[in-house]
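For clarity, chains are labelled A, B, C and D in written order, and residue numbers in each chain start from 1.
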Amino acid sequence: MPFTYTRTIHFSDTDAAGVVYFANILSICHEAYEESLGTSGIKLKAFFTNSDVALPIVHASVDFFRPLFCGDQVIISLMPQKIGVDKFEINYELFLADILIAKAITRHVCIDASSRSKQELSPEIIQWLNSYRKETEEVERRKAREVI
Amino acid sequence: MPFTYTRTIHFSDTDAAGVVYFANILSICHEAYEESLGTSGIKLKAFFTNSDVALPIVHASVDFFRPLFCGDQVIISLMPQKIGVDKFEINYELFLADILIAKAITRHVCIDASSRSKQELSPEIIQWLNSYRKETEEVERRKAREVI
Amino acid sequence: MPFTYTRTIHFSDTDAAGVVYFANILSICHEAYEESLGTSGIKLKAFFTNSDVALPIVHASVDFFRPLFCGDQVIISLMPQKIGVDKFEINYELFLADILIAKAITRHVCIDASSRSKQELSPEIIQWLNSYRKETEEVERRKAREVI
Amino acid sequence: MPFTYTRTIHFSDTDAAGVVYFANILSICHEAYEESLGTSGIKLKAFFTNSDVALPIVHASVDFFRPLFCGDQVIISLMPQKIGVDKFEINYELFLADILIAKAITRHVCIDASSRSKQELSPEIIQWLNSYRKETEEVERRKAREVI
């Protein structure tokens, strides 16, 4: 099951076209990622501030279907997936009520913060990823049984 | 009684010094103001996007006592006050648990959005201001009685 | 020939990991796009503020190869291309000296700002696109002659 | 003589009211401060990223006289002043052509980055401050002579 994060659109998110500035959609997705890590028990201050290990984003993409306005209540649905010993990808879907507003992807690689060389994902990140994997597999197993 | 708004510090709020970038504290205060307007029944999209009347900030100040880090849960306590037929001021106090982190002020003037000439505050803003005034006066009346 | 825009990395672009926050790379690309429009004679205030026609971004993607730090002098090389009567795409390459730091794409669709229905690209945008096309074609023609 | 920094207003600086978002004016002032430090020979990456010493802002204030729009060319005039062994203040004036748009102040205190205890200003900052002081004093001396 994906993680969901609800977020009110702030005035500071908008631009002179009256809607959310395009790059801010990715910031809102990152907030959902942070919230999901926090919910999994990861201490965000240590994780994002003075960690030996960093998880920089190496790729991001976003598709916009509808504009968002100040005061809108967006629901961000997030699903991470391990794609290597040292990387994972997160898929995001943004909704207003049940209308799909935008879809986004961020791809993260684990590196040593000082040398910037690749590192295996840390146990806490593996655990965070697994918490979604188990649920995904269970959903697929249930679907398979229903088919049978 | 002041309005309170709780806000998690996001990674995007921080800078390379590892703490919240100074100007972002004012954005977080503005979020609290938006939330307070919304709670009072004001439709934020219409209010901030295509309104005939605007309430630009003509003065802002902020004092920083302690740094804020990613993941911190800040409580913003906000108290608005009418200071003229066409202006009001908001006082903000930011806390981490019960530790005062920062204090800020924003002063707003009501103008016609196209001509930018001064306007009397709209009934919905007066009502929003009054909802805090009554409570403030009541607190003061109670204090006065206690003194007697 | 692509348009180039040089930009110093500001402290406000960075995050607690000490480098430019990922979504801000797209904002820097958008600045280059604005500068390119301005150079073509388009009045940015009218274009971005109270226009009947808007050019919202419907897709953006970015690949990050190296981090950027406060004070870095980034060169953004930008090349727009018409991809339909109502849309165009911009390719961006970000360099530090001659090292490729990031690549990005934004795709823009022309709409009526109030109805949000699709519109043909305006003459000023066509002219801006053509100014790059002519140069691109000339480069290709020269290459063809050299081959012969 | 104050330091001057010219800055085009970007689309990302604006909000749904069509003008620069209030808190972003302070970010633009900070850019001018960074540029002034860079011009003085200070390496910004080391200064803002992995320094033992930090210069956090403990107070900021800003007065807004006129709105700024996307594409506007703002001139920021900056004048720093030492106000103690461990602190300094910067005064900013923002102009559009010769029209005063906003005034701002930031007050900075020198601290040890890890313990966050107060520190004397570093020699490089003293030198940066002095470069403005000498000029200010000279201007005053000249004025005094003219009076005589």
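Criterion: contacts are C-beta pairs under 8 Å (C-beta built on N, C-alpha and C of every residue); 3 or more make two chains touch, one makes a residue touch a chain.
Each chain and its UniProt protein: A, B, C, D = 1,4-dihydroxy-2-naphthoyl-CoA hydrolase.
Keep in mind it's a predicted model, so treat the numbers as computed, not measured.
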| Given the two chain pairs A-C and B-C, which is bridged by the higher number of C-beta pairs in contact? | A-C
| message | Regarding the subunit A and subunit B pair, does the interface count as same (over half of residue numbers shared) or different (under half shared)? | response | same
| task | Averaging each chain's C-alpha atoms to get its centre, pick out the one most distant from subunit C. | result | B
| field | Centre-to-centre distance between subunit B and subunit A (centres being mean Cα positions), rounded to whole Å | value | 30
| task | Mind checking the centre-to-centre distance between subunit A and subunit C? Centres are C-alpha means, answer in whole Å. | result | 26
| remark: Expressed in whole Å, how far the mean CA point of subunit B lies from that of subunit C is 36
| request: Would you pick out the residues of subunit A that each touch at least 2 other chains? | output: 11-12, 14-16, 18-19, 21, 23, 27, 30, 48-49, 69-70
| field | subunit D - residues contacting subunit A, complex | value | 11-12, 14-16, 18-19, 21, 23, 69-70
| query | What does subunit C use to touch subunit A in their complex? | reply | 15-17, 19, 21-24, 26-27, 30, 48-49, 54, 56-65, 67, 106, 113, 116
| Contacting residues of subunit A [partner subunit B, same complex] | 8, 10-12, 14, 18, 27, 30-31, 34-35, 38, 43-45, 47-50, 69-72
